[in-house]
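Presented sequentially are two complexes of chain A, the first with chain B as partner and the second with chain C.
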Partner chain A sequence: MNKRIYERPVLRKVVEGIPNKFGSLKRLRPISTIDNVEIDSLIEEYGSPVFVLSEKTIRDTYKNAYRAFSTRYPKVQFAWSYKTNYLDAVCRIFHQEGAWAEVVSGFEYEKAIDNNTPGNKIIFNGPDKSEEDLVKAINNKSIIHIDHFDELYMILGLTDQLKERPQVAIRVNMDTGIIPQWDRFGFNYENGEAWNAINRILSSKKMDFIGLHVHIGTYITISKPYAVAIEKLAALANKTYNRFQKSIGYIDVGGGFASQNTLQGAYMPATDTTPSFDDYAHAITTAMTAANFPNNETPTLILETGRALIDDAGWLAGTVLANKRLADGRRSMVIDAGVNLMFTSFWYDHEIYPVHESSYQSEPTTIYGPLCMNIDIVRKNIDFPMLNKGDHFVIKRVGAYTMTQWMQFITYRPNIVLIDQHEKVHLIRKQEDKEVFRRQELVPDYLQN
Partner chain B sequence: MSKLNSLAISDNGFIFKPSTGESFTTNEIGLMIINLLKEGKSADEIISVITEEFDIDAISAGRDLYEYLDFLKREKMLD
Partner chain C sequence: MKDKLLKKSKFLLEATLTSYSQIFFTENKILASILIVVSFIEWWTGLSGLIAVLTAIALAQLFDYSEITTEKGLYSFNALLVGLGIGTYFAPGLEVLLLIVAGAAIAFFSAVFFMGIFAKYGIPFLSIPFLVGMWLLLLAFPSFTNVALNMETLYPSNMYFKMGGDVLVSVMEGLSSFFEDTGFDTYFLSLGAIFFQFNILSGVLISLGLLIHSRVNFLLSLVGFFVAYGMYSYLGMYTGSLNYTYYGFNFILSAIAIGGYFLIPSRQSFLLSLLLIPVLVVTTIGSDRLFMYFELSAYSLPFNVIMIGVLYALKIRYDQTKGPILTLVHLKNPETNAYLFDSQPAKKYAAFTVPIRLPFMGKWTVNQAHNGKYTHKDFFRFAWDFIIKDEASSKEFSGEGLLVTDYYCYDKPVVAPALGTVVNVLNTVEDNEIGATNTLQNWGNTVVLQHENYLFSKLSHLKKGSIDVNIGDVVVEGQYIGKCGNSGRSPYPHLHFQLQGTSKIGGATLFWPLSEYLVDNVSKLNFVQKGIPKEQDTLLNISISPILQSAFKWSPGDEFQLSMANAFNKPVLFTIRNEIDIYNQSFLNCLNTNAKLYYENNGKTFSALNYIGSKKSALFYFYSSLYKVVLSEHSDLSVATRFPVHHLYRFPMLTIQDFLVPFGIFLKGNYNLSYIEPEQTFNSEKIELKSKIVGHHKVSLFSSEIVVHKNREINIHCDTSKKSKIILKWKNTLYA
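Our next item is the complex of A and B:
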């Protein structure tokens, strides 16, 4: 005789209160495949947890973003933000699609070179560029976005020793209405520092001043501040032309586009509130077209979008370790992936799904990671089906910053696989093991025995 | 079992507790457990009824049963 499907007994108090305007939560549908590859088979072959990247999603998202801008403005160039995800396979996909590299450290610069990016297609940002990094960048004709006066004078000092003329731009910070105003990077517009830096660069006659860069913040959910930024950069470009008869080759508006991950405390889900690429493109290109650049020239528009291009392509699949009751009777679930792998859990309400239908009942649940650390919380409160120990789950939209900001705390970092466009799975970063750490550590002789 | 007998329980799992005016909902297995408790069945007997009828092993069914009994005690529906 076939037995009936079992479901855990539940008892729920009916609480009267103000009804939620969105009605009751719809049942969480399981997600069992990524690009038609079974999540169970990925876990079986590559272990649990495992990061999964979809090449198809990366390429589709890039094409969508490029279309949104290039159909509205004649000269558009994307530069892949390495810090968002610098796995070589990921960077090479973006480079194949036509993106340059945008790096913020010597380490990332080396990666971009190893990924066969031509030197003149690498934009070097960030406050920490060593003399060695700058020499390399100048010799390779890379574009250096100067962050502060000490860096500017270091480059000036190097010009006497090197044959190549440095290709430079300055990063400008400004008030665009965004709070908090990011003023720690670059030169300020309002207090005249940016103008002073341009004067210093052009009067030295030793560098090629080719562009202006601004990065107004991160996870910007309104597109208007970009338009304000462009207006101010255009004013700076005109001032430069009037004084030095020098036009600006490009305007780099940085990144900061929001992804569809919902920030903690947000009233509405980000899928309903995040502007689309078309929204951003409309605001930015309208401002670029409206701004009067010197000589009626059209500077190239450079975008350093990171998060919005890669977040959707990343997934994290794993396994339930335990179910527990908390002191007040609330349910909690412990899973094998925590804030060590998803630093982003500190600010996002990540979307997590069961891989299989296990129960029609769901219960408010706190989801903890596996770390022996009280702050290892993946979701504080989510209405989640009652999974059992050993069941699989998958977390959506974890492509940005997880694989670069992850921590090696008390355990090894897991495998990362890429599903290519033909639905074939490739291992693109091996999980760590004790040998990885043995190689790095040295034990002094007197502690050997 | 007197406390359980004082509850008004519908066939689809809606429970009304007249002593406090509170309402609860339970699922099919929860309802089955309450009915077996009202019949005076022991925990082991309830586990064997569940494992006979449903696709579940005795250890898991026992774990869930004791958790459910805790819920009933916490809501003062069971002594």
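Our next item is the complex of A and C:
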């Protein structure tokens, strides 16, 4: 007979109201493995905390997404949004699955090239592209999504010096009935800027105008805004064709598909409310099929999905540092991973689980990170079983933005491992140590000794 | 005027020559010339034949019948036979001349009549008109007291002496004694008898002509005859009777007709031609005894009766895709038919002219194919069930699969497989829960489209309320129709697809192959021109490349400049014109060499169908490089097919193969086309392709690198087996 678990006394506020017919589940089931690999053994080998990525989940999610669109529309292409997670191993998995690269800076562009992405399969987005970046992109025949007139003029200026013709598209923003209107990126449709930009591009005769890019927002599950957006793009394409006899090759509807992480303040858990790829695919492809594009051609549909493709594949495993009672009597727990690793905690209620059963009771708890900063709160209020110091926990769905937006603040950033399809573990990013920082820093002579 | 006269005489010459060769089912000029010479071994017989031919041609012209049919000798070859017969039986004279004209007229009008009747059943009239004409004349003969029998042919040695003196007599006698008792004497006599020339020399000359025209026919003539010869001895008949009854040619002609002409030469057709010989032997002997009562010879009656019966039986078979295959288009000779047929696997589906494509987007998997194990049986055996599978897990659902929405194919668009009209819609059947079936409304929500008078397609088990078309709507290929659902007899979501002959929901299925689709083969996509998808095949439609599509889109009358150069010479220019003939067949005509490249472009593939003419034309290399181009933009596509071997090999390999055609085609020429990923996905300026033709032991016989430009120019670098490099440039001179 196993030794029975010691239960500490619990304080619980009596919650009023009507429970649903299933009662309310107060107990979190522990998660002790990821793809059949013991979390304890991962922490033992790679330290605590540790980011864990599942290759199987990445590939499955990608296939699901691609299938949802490709069985509804004849020409579909995904471009992996580098900013979501630009670990080389992750990018390469997406490239192997057939995704192109979508980058928003010179740094990401270099990474894409290093990951053996052919130049013509890189989409260069964003408002910040230096002259040097543009020269590289043009020479590599990459697709440049122009964001503003100053960039357009810069490219025009470059065409005289370069042999290759730039392959360009413009990002268009518009009123689709969605609030907030994302008008800070690209050229506005309603005020004629977009049409003006197209005219300048095509009148210059120095660039190839190949597509239109739009990104209407996130969490949009009804067809109407997509229909409005795509209708407006089709109108733009028709106008372009009528004036320049030039049909466009693709419509890029951007990304913005939500993951299953629950936003703070949401009434229902995201697992119940988040639209599936099929929902998005239905909305977008219906609009694409209904629109009349010029010359009876079918433009390729490009998707720059990031978050929804990777979030589920990422896990963060760590260790409890301490438990304490707050002034108002609430329980709190300090863990070794905070907002330095999960910037996303500012807007998500991350799902956190114990690795082992430690108690059958749970208590409203505030979970703090390890930083010596008041804002380092992982979960403000969660019914959580009582873990002891040294116990392990794991946080679900941390694949997107964490590993790119994390901060080196107060402490080093940890190891990242990848569990491959055969359940073998690979270290894909080493934890930082003092050498990493020493290498970057310079101490003036007079401060030596 | 002079031109007109020249044209007329050319026409007359052509029609006359083919009247002779048509007896051996060909328009070969060499064989025709030999046959004319043979017929003139006895001058009066030869002249009678020629007069009869001219009479028939004159009648065809007088009645203004089709010049093309006349030119093929189809109106006049029976008259020729009648003329030859009269010439053999009756001595020269004006009265007989009248009989020849009359006989030719009978043969001509009978030919017109039988052609009209038989054409409806798709069978040939063979030499029935000759039999009618000949029998009528012979029955009438005893009344013509002014007409004498031709004694010359009764005493042939006298005739040879008159014609060629001692030399000819000794040649003839030498030949007879050489072949005596070998059976070959009878074989040659039988061959000569087709032209009413009862001597061995004619037989030798005709068999030589046959050999030049076609090795297969030559072989078949021997096999047909000697099997019959063997039968005669086996059944205890006097084989010498074949010497004077002249029935031997029945076996020769039927072996050629079945083994070589009306069927594509193959093992099956060869076997069939052998099996028919005993039948013919019995028919010959029986009809001979019957006709003896009328003091007539049965001539070619046994051949006619058996051939027409067999061909009709073959023609009305339900499944025409199984061998032996009927020859639809007759080319130069039977071996060419066999080579071309072998090189185009889709040809056995040639009768299924309406292209039907896959009714969905993306990759779907066949869950139940023809004669499936669940429900595709009996009336419904020619149907397909499609689902979507996850590549990694090869499961068709996510989660536990207990909800319809777990299934990957559920709620996915279903599109029209071809241009058609909506003729039946049912959109009100509830979708089943997983595992439940609704056998009362068996087909569930269904759309039936009409593509042709006789061809309908049915898409079933769709989602309730998802159907977006109404009866009477015209839909184009790829147009959205509804969504995959789980209604009717459907325990889990799938798409049922079938072709049928009526507009009814629940109609019996019709065998019909699908056209131009891709089969997913791990990392490659394999192209299928026409085929029947099998269970567990994962399929997708072709996505068309605008560059390839426009580069191969030519209008009749377009002229192209094809320049050919190698490393040393300066380019030679060939002018190529795109033309279209009265059979709606498109071809490229090299105006310099008159070589022709027949092709078909159905918007999805450019397929070379045949090449005729000089191989020195640059068009030949164009043909070898672009034998089959799928106008696709998938660069992971591989197109593999066979290249006609008679365009790859020469004497002696090809000649040996010619003889062996009835036993199989052993020479190899595998054509392969691969696509190189374009530098620019959008706004690409060119598409690069690589083709190669590989023989036995992977020996490269030909390879080429092809660049198709957006401005519709094509550049080709060829490497031939002779290690020479050739550069071709293809340019439309009308646009340039």
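The working rule: the second predicted complex is superposed on the first by the 423 of 449 C-alpha atoms of A that agree within 3 Å, B and C clash if a C-alpha of one lies under 4 Å from a C-alpha of the other, contacts with A are read in each partner's own complex, and residues count from 1 in each chain.
In this text, contacts are C-beta pairs under 8 Å (C-beta built on N, C-alpha and C of every residue); 3 or more make two chains touch, one makes a residue touch a chain.
Small disclaimer: the values here were computed from a predicted structure and weren't measured.
Engineer: Which partner reaches more residues of chain A, chain B or chain C?
Structural biologist: The partner with more contacted residues on chain A is C.
Engineer: Applying the document's definition of touch, where does A:Lys3 land relative to chain B and chain C: first, second, both, or neither?
Structural biologist: first
Engineer: Would you check which partner chain A:Lys141 touches, where first means chain B only, second means chain C only, and both and neither mean what they say?
Structural biologist: After superposing on A, A:Lys141 lies in contact with chain C but is clear of chain B.
Engineer: Given the touch rule stated above, what does A:Gly329 touch, chain B (first), chain C (second), both, or neither?
Structural biologist: So A:Gly329 only meets chain B here.
Engineer: So, A:Cys372: does it touch chain B (first), chain C (second), both, or neither?
Structural biologist: So A:Cys372 meets neither chain B nor chain C here.
Engineer: Once the structures are superposed on A, label A:Arg67 by its partner contacts, choosing first (chain B), second (chain C), both or neither.
Structural biologist: After superposition on chain A, A:Arg67 lies in contact with chain C alone.
Engineer: Is A:Thr289 contacted by the first partner chain B, the second partner chain C, both or neither?
Structural biologist: A:Thr289: touches chain C, not chain B.
Engineer: Could you say whether A:Val443 touches chain B, chain C, both of them, or neither, answering first, second, both or neither?
Structural biologist: So A:Val443 meets neither chain B nor chain C here.
Engineer: Using the superposition on chain A as set up above, list the residues of chain A that contact both chain B and chain C.
Structural biologist: The overlap between the chain B and chain C interfaces on chain A is empty, containing no residue.
Engineer: Please output the residues of chain B touching chain A within their complex, sorted ascending.
Structural biologist: Within the complex, chain B contacts chain A at residues 15, 22-30, 33, 50, 52-56, 60-61, 64-65, 67-68, 70-72, 74-75.
Engineer: In the complex formed with chain A, which residues of chain C make contact?
Structural biologist: Those residues of chain C that touch chain A are 360-364, 388, 390-393, 398, 408-409, 411-413, 478, 480, 541, 543, 546, 679-683.
Engineer: Considering only the defined contacts, which chain A positions touch chain C in the complex?
Structural biologist: Touch list, chain A to chain C: 59-60, 63-64, 67, 70-75, 77, 120-121, 141, 143, 167, 208, 210-211, 249-250, 278, 282, 285, 289, 297, 300.
Engineer: Taking the touch rule as given, give the residues of chain A at its contact with chain B in the complex, in rising order.
Structural biologist: Against chain B, chain A makes touches at 3-14, 325, 329, 361, 388.
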